[in-house]
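In what comes next, subunit A is part of two complexes: it sits with subunit B in the first one and with subunit C in the second one.
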Partner chain A sequence: MPLSTQPQSGNDEYVLVASLDNVRNLSNILKAISFKDHAIFNATQNGLKVTVEESKCLQANAFIQAEIFQEFTLKEDVVGFQVNLTVLLDCLTIFGGSTVPGVSTALRMCYNGYGYPLTLFLEEGGVVTVCKINTQEPEEPLDFDFCSTNVTNKVILQSDSLKEAFSELDMTSEILQLTMSPSHPYFRLSTFGNSGNAHYDYPKDSDMMELFQCTKTQTNRYKMSLLKPSTKALALSCKVSVRTDTRGFLSLQYLVRNDDGQICFVEYYCSPDEEVDEE
Partner chain B sequence: MKFRAKINDVGCLNHFTRVVNTITKLTKTCVVRLTVDNIFFVLSGKVANGGVSMWCELLQVNFFDEYQLEGVSEDANEICLEVNPENLSRALKTAQNAKSVKIKLTKKHYPCLTLAAELPSLSSISRVVTHDIPVDVIPRRLWHDFKEPSMPDFDVSIYLPPLKTMKSVVDRMKNLSNYLVVEANLSGEMNLKIETDLVSVTTHFKDLGNPPWGASQSQSQSRDVEAMAHARVDIRKLQQFLMGQQVNPTKSMCNIVDKRIIHLILLQEDVSLQYFIPAVA
Partner chain C sequence: MDCVATGGNVKVLAKAIHSLSRIGEELYLEPTEDGLTLRAVNSSRSAFACFLMTPLFFQRYQAPPDQALRCKMPIKSVQTVFRSLSSLERSVEKCRIEMNTEQSRLRITLHCKHGLLKTHNLSFQDCESLQAVFDKDSCTNMLRAQPRLWVDTVLHFPPSLEEVSVSVSSDRVWLRNHVEDDADSSKAMMTELCLSSEEFDHFAIGSQTSITFCLKELRGLLVFAETAGLPISMYFDEPGSPVVLSVSDSVLEANFVLATLSEDAHQRNHNNNKADGPRAGLPPDDFMCDDIDSYLIAMETSDLAGPSYEPQPQSSSTNHKSRLLSEEEDEEEESVERPPNKKFCSLFFGSVLPASSQLTNQTVQSQEVLASDSEDERQSD
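== the complex of A and B ==
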């Protein structure tokens, strides 16, 4: 360790270095959770976890495994910081996020440790951009205590079918009611809007249904405004797993395939709006 | 005063339309100066438009098949009109497939540029769409405002990177900041920089090349080739310039007068566009 108090910008000073040949592998998945400015970054040997929260009722997590990066070096067991996600996304797409094959932006992301900015080096076609994004003290993310042993109902759907349903949902309805049941209607989305009530049913033997494991009839309501951000993740994903636990908490897990065919996960947790009277 | 001109060629018409569309993106109103050889679109730097000025020059023979001009007098054989370029570009839009377009200066209840487009028709009866675009005729005593701006005595002149790359960088930077610093040196390097409470971003372009301007620009001759000249400008003005580009310039360059102004020049064989953005403190 050099004794100088002014840290050099050499590689050994960084507690986190992550490189990508194609920045879209990071920027796309971050877009899936960009509904609030503050994002909590948490890096471990497994990779990077980015968390965004809303009103203590909704939490979105994006996981980018260490293998996705061409280089992922971590000097400490855990490195955490918080940055403005909107600013980060503007920086990551500074070259326009070209989708032309053969043209991609390379990224090298470095973090010097507590109090230092997050430094990004982006390169495309010989042009280099250096960004220094100020970091903040990381907040402790909420623990939704969503445990797989408490899951009562679970289905896995092709995202396309849910995209269609979400695009047709009546957005004048304040809530989305989700019914999951081992018997009819199996999997039902309901809205209660200005122009009436609507139900969207999926039969359990539908082609779109990859897995159907419902043990108990459960009806829960979720605020539409809270679920809306999750459509960003839905749009990028190919499969989605919908789970509810005994308390009625909702977990949506999205499987996202990136440009190189690798798989990443985005997950949303949402708390139920209110208790529904059992009749 | 008399002005009438006619375009018969579709290629020329499209080219002219693109130039007018570019002007439309850059300014709400401008002055059209008509001379025997040229058409100029001029915006002089007023405080109201943020001190930005523009000078676009077309050679009339490259666009018009017929062109007649009688200026205000024999010793001042030209006409200056104030127009809203958007009106002109809207009129040209309907003339897209026209067989010919005639433009003339007319006097209805007020002075107009009348644009008559003869559209293709299946029958023998021709279809003509006419637009009357109101204009203000600028009296001769005010003409001195619309002279070609002199080339500023710049510190650094540099070729611009591909405008598309520059546009996407400037678009993103605009989301982050209101002001941007342009800096360049005589070794072909240019940087675009922003800095705010949240973030600092610098994009480095290199190997751009510096245009040879000859010995007249003596100031830049003795300059250290590594030394950066810089100007801090309103990012929206630069974005506007990059957004409006519909002409595909064969050459694009930028002159910087340190802390004073940036001067952007786009050259195509028969069109040249100059755009001046003043620096802010």
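== the complex of A and C ==
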């Protein structure tokens, strides 16, 4: 395996080179999807898409557009690899992930192609750390086949209003029930826990509701354990779009503003908790 | 029942529930013509707290037509509703509490900013009324001070400290940490504070005395009194009879009734600490005859502990009951009742209980085991 310690020797050998002046623009958004170790990276000319999945029921995608990077060079149309996300995040925050203004870690991320490690050059205050993370065979991400034409209900909310609700959710409830309806209760989150049940209702004319497009009353249940990781994305975001399709699949799209005011997206798909007929 | 609290009163209500959560694990709710009462008692029944929110506290208050509506529920579930005080203050405009007896649900609705509506339907159990028997007006000693003074005083004691002793003379109050009898007094740190009568808003001492009680509940009340900005009054007599901590204004009243260490135990303790003990050599089975039990706060709903797990102290319980209980207990209540926890034992048994090596009496042995069991049970909770 070639262990090049000469980053300045040119980019010729790399199929992917991505540079960032502030590594937090990448690490923060990856934290929003870090609930499993394995992350599938997929780079195209548009940017980087990172996918994490759980139990074939939940998928989280983080999109970091090419424009976010100071340099984003791709030799091939598509470059895909898989790495351990926890390890990657540890490396990205190796300098402590300081939030002091004016102090930031710069990153140069290089990938040499199939079978090579992902190489990170991190620099802060003149100190350079080189990390090599072994890549894994990329798996095929699940296709949730969530298409906008099948969307029955959609709302866009300011994240603050949902943050409060999610922080207070009764975690003794196994499921979170989501009701979206063109009539009352419009948008409702319900839990059914040990001490009773709780409903959080958002009226459609609330200041927090930026968009309300519900065509049909729909009530679906989602496993609380599956939705729990999405609160990380919610915490970072300023707006969230909640959509359900005809099959009851849930799509949560989070608009995240980074330190430099640029916009990225994080998306969660979750399959509904089907009730199995007891025979 | 149907009542609505608005604005700052929602926070007061929330604080009251947080205070009660320091006392016991269940919240007893009883709406009456006089207002909504919220009560809690600790598992060893040595501490009791009661808040009364009068109808004027609420924007709307409707007591149930039949007076017999009483219920209890795990206090944790109610705390969940009022979890974040900052968000309550920031966003909650109105809180409505309704009781649906048919479904056995207590519905708490929080009307928040931006139209957000939070509805909690909590399950509850019917229960008997919970009331401690106390008469604070007959107490010979009374101190009243701003919550700030109490907070500043209590601050000097470490958070781990369980009991505090308050001694009063005609013009001074001393507070000191209570050191267990069995603790090595040479290693124990003693903290003592002296407050002059001038620091108090009201200072009426009828008899010079010294009482010892748990600090935890006082701290709980302080949390409430400080937010509400209400002075705390302390009523007490001789050691062994309960101390009543009271807070009130025109729309609400709170009473915390705490057991104090009884004379004998206290005396022994005091003597041991001061090493001048003429009474230090009390018989080891002193706790059997039990003045201590008789000073437990009597609850109408239940006895100390069921005979199934506490064979011997039955007699003392009955004794205690005949002396202080005014109503028979509810059976269901008894079945869920727990043996006294260890903390309580340290206050009521531990300090008068001799070292286990000296024990010859089988029942005393079983008593000890009992205490450790309840400790385990609490941990597994």
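One rule holds in what follows: the second predicted complex is superposed on the first by the 264 of 279 C-alpha atoms of A that agree within 3 Å, B and C clash if a C-alpha of one lies under 4 Å from a C-alpha of the other, contacts with A are read in each partner's own complex, and residues count from 1 in each chain.
Keep in mind that, in the parts below, a contact is a pair of C-beta atoms (placed from the backbone, for glycine too) under 8 Å apart; a residue touches a chain by one contact, two chains touch by 3 or more.
Remember, it's a predicted structure, so these values are computed and weren't measured experimentally.
Student: In the superposed model on subunit A, is it clash or fit for subunit B and subunit C?
Tutor: Result for subunit B and subunit C: fit.
Student: Is A:207 touching anything from subunit B or subunit C once the two structures are fitted on A? First, second, both or neither.
Tutor: second
Student: Touching A:16, do we find subunit B (first), subunit C (second), both, or neither?
Tutor: A:16 sits against neither subunit B nor subunit C.
Student: Look at A:133 in the shared chain and tell me whether it touches subunit B only, subunit C only, both, or neither; answer first, second, both or neither.
Tutor: first
Student: Looking at the overlay, what does A:125 touch: subunit B (first), subunit C (second), both, or neither?
Tutor: The first partner, subunit B, only.
Student: With the two complexes overlaid on chain A, check the angle at subunit A between subunit B and subunit C, Cα centres, nearest 10°.
Tutor: Taking subunit A as the apex, subunit B and subunit C sit 60 degrees apart.
Student: Could you say whether A:170 touches subunit B, subunit C, both of them, or neither, answering first, second, both or neither?
Tutor: second
Student: For A:90, using the defined touch cut-off, is the partner it touches subunit B, subunit C, both, or neither? Pick first, second, both or neither.
Tutor: A:90: touches subunit B, not subunit C.
Student: Quick check: superposed on A, how many Å separate the nearest Cα atoms of subunit B and subunit C?
Tutor: Minimum over all C-alpha pairs of subunit B and subunit C: 5 Å.
Student: Which residues form the common part of the subunit A surface touched by subunit B and by subunit C?
Tutor: In subunit A, nothing is touched by subunit B and also by subunit C.
Student: Per the contact definition, I'd like the list of subunit C residues that touch subunit A in the complex.
Tutor: Contact set of subunit C toward subunit A: 73-74, 76-77, 80-81, 83-84, 87, 91, 105-106, 114-123.
Student: Which bits of subunit B are touching subunit A when the two form their complex?
Tutor: Spelled out, the residues of subunit B in touch with subunit A are 161, 164-165, 168-169, 171-173, 175-176, 197-207.
Student: Report the residues of subunit A in contact with subunit B in the complex, numbered from low to high.
Tutor: Against subunit B, the touching part of subunit A is residues 84, 86-87, 90-91, 93-96, 124-134.
Student: Name, in rising order, each residue of subunit A that touches subunit C in their complex.
Tutor: 161, 164-165, 167-168, 170, 194-203, 205-208
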